[in-house]
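All chains are identified by letter, namely A, B, C, D and E, in their written order; residue positions are counted from 1 within each chain.
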Amino acid sequence: MAKPSLLSPLKSAGFLFKKPKTLRYPFELKEPAQRYRGFHLNDWGQCTGCGNCADICPNDAIQMVEIPELEPKLGEKKERPKLDYGRCCFCGLCVDICPPGSLRLSRDYFHIHFDTDTFTFLPKDEKANQENFLPAEKYSVLKASLSHRKENYEGFVSDLQYTLFEPERVHMPEVSPEERKVSFIEQVIGYNREEAQKEAGRCLGCQLCEEACPAHLKISDYIKAIFENKTDESLQKIFEDNPIPAICGRVCMKHCEDACSLRFRGEPLAIRWLKRYVADTTKDYKSALEQKHVKPSGKTVAVIGAGPGGLAVAYFLILKGHQVVVFDELPGGGGTMRIGPPLYRLPLESIDKDVDYIHSLGVEFKFNTKVGRDVSFEYLLKNYDAVFLGIGTTLSRSTKVKNSKKCLLALDFLKDNKIGKQCKVGKEVIVIGGGNVAMDVAREALRLQHMQYPKNSVVTKAVSLEDWDEMPATKEEIEEAKEEGIQFHPAWGPKEVVLDEKGCVKGLLCMKVKSVFDKQGRFAPTFYEEKERLLEGDMIIEAIGQAPDFSFISKKLFDQLKFTKYKKVYVDKNGMTSITGLFAGGDIVNVNLDAVTAIADAKIAVEGIDKYIC
Amino acid sequence: MKDPLKDKLTSAFDGIQIQPADRNQISITANKESILSVLSLLKSNGYNHLALISCVDWIEEKRFELVYILSAYMEKDKHFTDMEKTNIILKTSIYREKPQFISAIPIFENAEPYEREIHELYGIHFEGHPRLTPLFLEREYKTPPFRKDFDTRKYVSDVFDPIPFVGKKADKR
Amino acid sequence: MDRNQLIKWLKAPAKMGHKYSLHAVYFCTGCGIIEVPPSITARWDAERFGVLPVATPRQANLFLITGYVSVKTLRAIIRTYEQMPEPKYSVGFGSCPINGGMYWDSYNTIKHLDKYIPIDGWIAGCMPRPEAIFVAVTHLWTLIDKDMADGYKRYRDHYQAYRANQEHALGKLEWPPLFSNETKS
Amino acid sequence: MQMIEMILSPLLALIIGIFFLGLSRKIMARIQWRYGPPITQPVIDVIRLFSQKSVSHGKLFNLGIIFSLAGSLVLVLFLPLAQICPLSGSGGMLVILYMMLLAPLGIALSGGESANPNTSIGISRKFILALGYEVPLLLILLALMTHYKTISIVHIVSIQQNTGWAFVSLPLLLSGIAYVLILPAILGIRPFEVVQASQEISSGPMAEYGGPFLALATIQHALSLFIGIALFVNLFLGGAGNLLIFFLKMLVVFVLVLFVNAALPRLRIEQAVKYLWRWPTLLAFIGMIIVLIVRR
Amino acid sequence: MRELELYFGPQHLGMVGNFSITLKVEGDRILKATANPGYLHRGFEKLMELRSWIKNFPMVCRINVVEPDSMEMIYAMGVEKLAGIEVPERAHYIRSIYLELARVGSHLFGLWAYANMLGFDTVAQWAMYHRDLVLDLFEELTGGRVYHIYIWPGGVRRDFPEGFKDKIVNTLHSIGGCVPDYDNTFFNNRLFYERAKGIGTVTREEALAMGGTGQVLRATGMQYDVRRVEPYAAYDKVPWEVPTREDGDAYSRIWVVRDEMIESVHMIFKLLDAMPEGEVYNRIPNPFKWTIPNKEAYVRCESSRGELGLYLVSNGGDKPYRVHFRTPSYTHGLTILEKALKNASIADVGNIMISLYVVAPEIDR
């Protein structure tokens, strides 16, 4: 510390002759920093309207407003965030939580106005709102406002490394491909409690999945219950909408996960596995669920088919106090679930767990009873207050190419392997089809090959009309199939099954596909006739689709049954077909062809039945 | 905490609970009668810095918890010991109905604004406090605002929201 | 200043005076005040625009209400606003006076400042940057030019309503009404 | 001729004073690393202030400020501006000494009417400060009068034109330095900006002025700037033969004073008075004694 | 002389922050001073009880506008202590650098306020200019000039942008280059000495009795600094000094501020050299489902004005049950200020208040 002086301060006078350090705003502009947190930008193309930003806003500044003009899409709400700059504190929490990363902050920060109403604002970005975003040469600071902004002026954006949500899913332990391809051991091991809680903790509670789910399960609720380690409560939530969690937890087509808001920049929440976790950890449904005593209504309903739809109808009806009898030709419940999904995917015990619970509620099951053979359809219609038709698709379609009689059909193959005796497979198996059933068939055939020819080299080939990107099977199914060693031949169409002299299958003659769908998006494949190729194989399985079997219905009644243009059974909003008292659901009604949609149909039908018989 | 002090405290006061130190933090729960003596004992044992007096409203248990947080100033200028690192949280409970307590001003001078604040925001009366006048608030509140049964959102929507806009804006809405 | 402005200035010197000599009340109403010192000092230098903080409201014609307004401050704000000589301009600075901002559910802050005193312009942001103050000043110039910055007139016209709102929020006011009852309401 | 001068002189003072106000803001700004307002800013301010409506606190409140301004205007008439000096013949320095007290008095009258505690503190400060610098000023003027054997400023100026500046003439050097030391106090700038100390007493006497009153007060402030410097230029820097040189001399003095203003903080009032009564008074006293000795 | 009732603030050019002091004066002497806070009371602690843990992060920095960063730090420390969240090594260093930058900025703001109070516009403007340069650094780092919302539980919100180290060094060098100017014009100014020496003296005994911390205590020669006493972030990783003065008056306090600023700059350089590479953020749990076990904690850190504490109680829910900030200005502004103002001159009210570095929003909360 020098001695205080009177003269030393006068040295400051020297600054009179130096250039001032002032920024001569607005003539000298200072760009805001790269990360500046200014007004919002929202890419409406990416935004899903999930509302996480509104939930995290500490100031209640974000409101989700409905935009009627938006086209509805899967996993998207017709809502967009609306900002109130009379509330916003520019903290950027909304940016860090935004799962698709559509909400960003720009470097604009001017809005000066005499009217407070202009401070509420629906953020859009340059793409959606071009007139408000001006290129740098047209932009003027002095006019800057919410409707006069600069183009390409992104500031604080979401960074996957620093997001508030966890983009990566908890790894699901699986049996390795080498191990699983030689047995029918269940591929997925399942979460333990910590893993399940951790995974459940990723859920942001935006409920996009609930809208996407055909049966509208209360997904965020039951996942929250899992997070809080209340599996019983979670199971109760599931059972409100879905009585077969053990089945659905394994084979559901998980429309919910396709809609999960985390899917954009990370992996979607493992909703299906979590449902499976709940179903599996609960040893006994009965103790976990409270059974309410309902006064019996005295009405009886017949359900044809014990598939997911039939089971769901039975369950919901019994809860309403109606007597239910379920008829099925198979020796156990589950319908297609019992025969379709291979054992490594859906073990029989899981099916029986769900079916047994429904049975324990008082539903009468008549297995090994084929309607039309053991009991007539007209009898059911006459003697029961209502009949639910949940027969599903039980006939496999054939390609009908030359010699296709020599091929096996997918459903028969699967059924025999699952509940009958194992098939003898060839060393080179060709599977025609690119759907999930084809994958199941191929992978099952592969396992059988490995089990039956443990020493020899074997090969399974999958032929599909569709190319990689169009293949209807799910991505992970294809991935797993590839892991296990299945050869894919996409974009090849079958032309002829080639036989050798003995009449045994020698191979499949294929031709290159030009296109699968026509301009309207209908299935109408065209081929390059000249590009041919012979795939060798000693066994061919056709897995190109299924059709329902209505043979048990008499001609007279069948004529009364109306169909939609997709060749589906027509039902009204109550789930009733054109025949009074006959309700229908499941694969014969909807185009989704999966379990959860069948449950959704069942719920509609149950309401209809209830209304009809009471 | 040094053991002698612990012994002193447990021997001198009934019903005192001392939780073991957790990351430089010791919680002591004492009876409300003995709190001032505990404070002065702690002060004479080196914990001479009253950092904070706080209050927690445990509405379900129908009690207010008064919290005194103490730490130690250094005894010598450049000498640091573990004692300075330690924060003592001294807690006591008082009834929620007509809450009353004794002022700690005679022991710690800077307790004055803290107690004044708690009086204002929780409605706890401190005996022996020279000026329990309003510190922060301008309006009068039936329930002191920091109590858990005071719902500030309801208050805002009841009191401020009905006030109408003026002029053009009022006509527009 | 271009030539047109020069002509206008010659026509209406008072208006130009109001525009280019905005003396601001230095009142730290809220946290927004933190950006006022930078803007009036060397880095940004608001004095280039004729903006200068002055000591008392009597000398000022610009009132920057910087940030949230607690009930206790509201009393001081009304007092200060009424002391300012007409014509006077008030600018709400930051989110909080517009719609409550961060403190929308606080029992001790008011949400809409324009219910109590008229405001001529609002600046969005939390904090608005110093640049925003300058742009606001230029906007205010435009408003003054177009005679749209008429908050003080509105205050006179609707004084009864404003006073009623003030008394609703603050209880009885200890000072007499600024305008007598005869003014139209 | 005298009539024209009577009008011209205050007008010039006004222009120069307001120019100095603008200049001071500009120069201060430059020392503070910034550009500062346009130099015409005080004019705009004054125009704006005149157009504003303001509350009056009573007749005396209105009269006081006019009284103060009138005092300053009349004082200008007694000051020679280069060749212009409307009332050169009469009064002389004693009048100036007397008139210089009028301005604070007017402000005091006016401020006393408004019951603002800051104003009353400001007024008391103003008088204390005036008391502080009047003593050395009186001694300095006495020394000058004794040295030049006249009380007329015009004479003093004309003598200096012949014999050189008083500031550099040995006998008057100390008095000159004393004047320099009290000049900030006369001008009311730092370190003697105690009267208007806005950060302490909200600009003191001006606290209740708004609108036209403040405009008048600003003009009065500008005039007092002019008077303080013009007096120094006349008494110690030999006045000037023409207006330009007079103005340049004033400018130099003003800029130097501004450096002090920029580099020093404000003193407390008692420190200010203590200072004023110590060093400048001492110097002025010694200076006077020297003058007396030299006279012998 | 008659007694006058004088209101210093809230609308006052010398008042920093919305605060007011009611003075009872006789002539120029103050008989009694009563601090009158509450102009900025927003019921912060109540509002925080209504918002979830993560939503409080944008809230908490608003408590103190001058140095929001230590507020962020204290809340992050409290939450980390309650929830047991670990912070990566690099984040500790970044936090320290960030907090020291904030301290420099805050002290420069204090210098502005103090110089402005003395009518010392020139230095005030310089200090504010240099603070703005520090704010530019913050803007670059965090995206906000004033409210940075940068320190999160589990680390910091973003890593340093590219080339940021050099920017810090350059900016600090350019500020440091002006230290001689400041010294010449302000700190070694005779009139500053006259104005501040012996004004607002708080002796060590008084300071200890009234719970003073920060410069108030360090100006009396005690090296009490929470960064040293109970080190947090990376303050125990590099060597640094605690500057002190002996007299306990405004002059000593301002000098302590100056020395602390210089020490902070040196510390930043050391921290920058020692900073390791690596992660800066351990992801916190999903904010919508984040609950913290039933616990209480008291944490403290050294803000630019003294000891800043936080008493945080959780009842196991997704929101804090009780938050209480122990802010240095509370004691300094309500207890010590009233005592220090007694018998002072009116001209020194702001002088004393700002030398105690009373920041009003911190008192009111």
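Everything below uses one rule, namely that a residue touches a chain if its C-beta (ideal position, glycine included) is under 8 Å from a C-beta of that chain, and two chains touch if they have at least 3 such contacts.
Just so you know, these numbers come straight off a predicted model, no measurement behind them.
> Going by the touch criterion stated earlier, list every chain that contacts subunit C and also contacts subunit D.
Touches both subunit C and subunit D: A, E.
> So with subunit E out of the way, what's still stuck together?
In the absence of subunit E, as far as touching goes, the chains form one piece.
> Please give the intersection of the contact partners of subunit A with those of subunit B.
Chains in contact with subunit A as well as subunit B: C, E.
> Farthest from subunit D by Cα centre, which chain is it? Let me know.
Ranked by distance of C-alpha centres from subunit D, the top chain is A.
> State the pair with the higher C-beta contact count; candidates are A-D and D-E.
Counting C-beta pairs in contact for A-D and D-E gives the edge to D-E.
> So, comparing C-alpha centroids, which chain is the farthest one from subunit E?
Using the mean of the C-alpha atoms as each chain's centre, the farthest one from subunit E is A.
> Report the chain ID whose CA centroid sits closest to the centroid of the full protein CA set.
Of all chains shown, the one whose C-alpha centre lies nearest the global C-alpha mean is E.
> Can you compute the centre-to-centre distance for subunit B and subunit D, using the mean CA position of each chain? Integer Å is fine.
58
> Determine the centre-to-centre distance between subunit B and subunit C, using the mean Cα coordinates as centres, and give it in whole Å.
Going by mean C-alpha positions, subunit B sits 39 Å from subunit C.
> Suppose each chain is reduced to the average of its Cα coordinates; what separation in Å results between subunit A and subunit C?
Their C-alpha centroids are separated by 56 Å.
> Just give me the whole-number Å value for how far the CA centre of subunit C lies from that of subunit E.
That pair's centroid distance is 30 Å.
> Name the residues of subunit B that each touch 2 or more other chains.
136-138, 145, 150, 152-153, 169
> Residues of subunit E touching 2+ other chains?
12-13, 38, 41, 43, 46-47, 50, 58-59, 62, 122, 125-126, 129, 144, 147, 185, 189, 191-192, 364
> Identify all positions of subunit A at which a residue touches two or more other chains, and write them in rising order.
Residues 6, 9, 11-12, 20-22, 24, 32, 58-59, 89-90, 116.
> Would you tell me which residues of subunit C are touching subunit B in their complex?
It comes out as residues 70-72, 75, 104-108, 110-112, 114-115, 118, 154, 157-158, 161-162, 165, 168-171.
> Can you check the complex and tell me which residues of subunit A touch subunit D?
6, 9-13, 15-16, 18, 20-22, 24
> In the complex formed with subunit E, which residues of subunit D make contact?
Contact set of subunit D toward subunit E: 28, 31-34, 117-118, 120-121, 190-191, 193-194, 197-203, 262-271.
> Within the complex, which stretch of subunit E touches subunit A?
Residue positions touching the partner: 51, 54-59, 62, 122, 129, 136, 139-144, 147, 149, 157-158, 161, 181, 183-193, 255, 281, 283-289.
> Of all residues in subunit B, which touch subunit E in the complex?
On the subunit B side, the touching residues are 23-25, 27, 48-52, 54, 56-57, 67, 69, 71, 73-74, 77-78, 80, 84-85, 87, 89, 108-110, 112-114, 134-138, 145-146, 150, 152-153.
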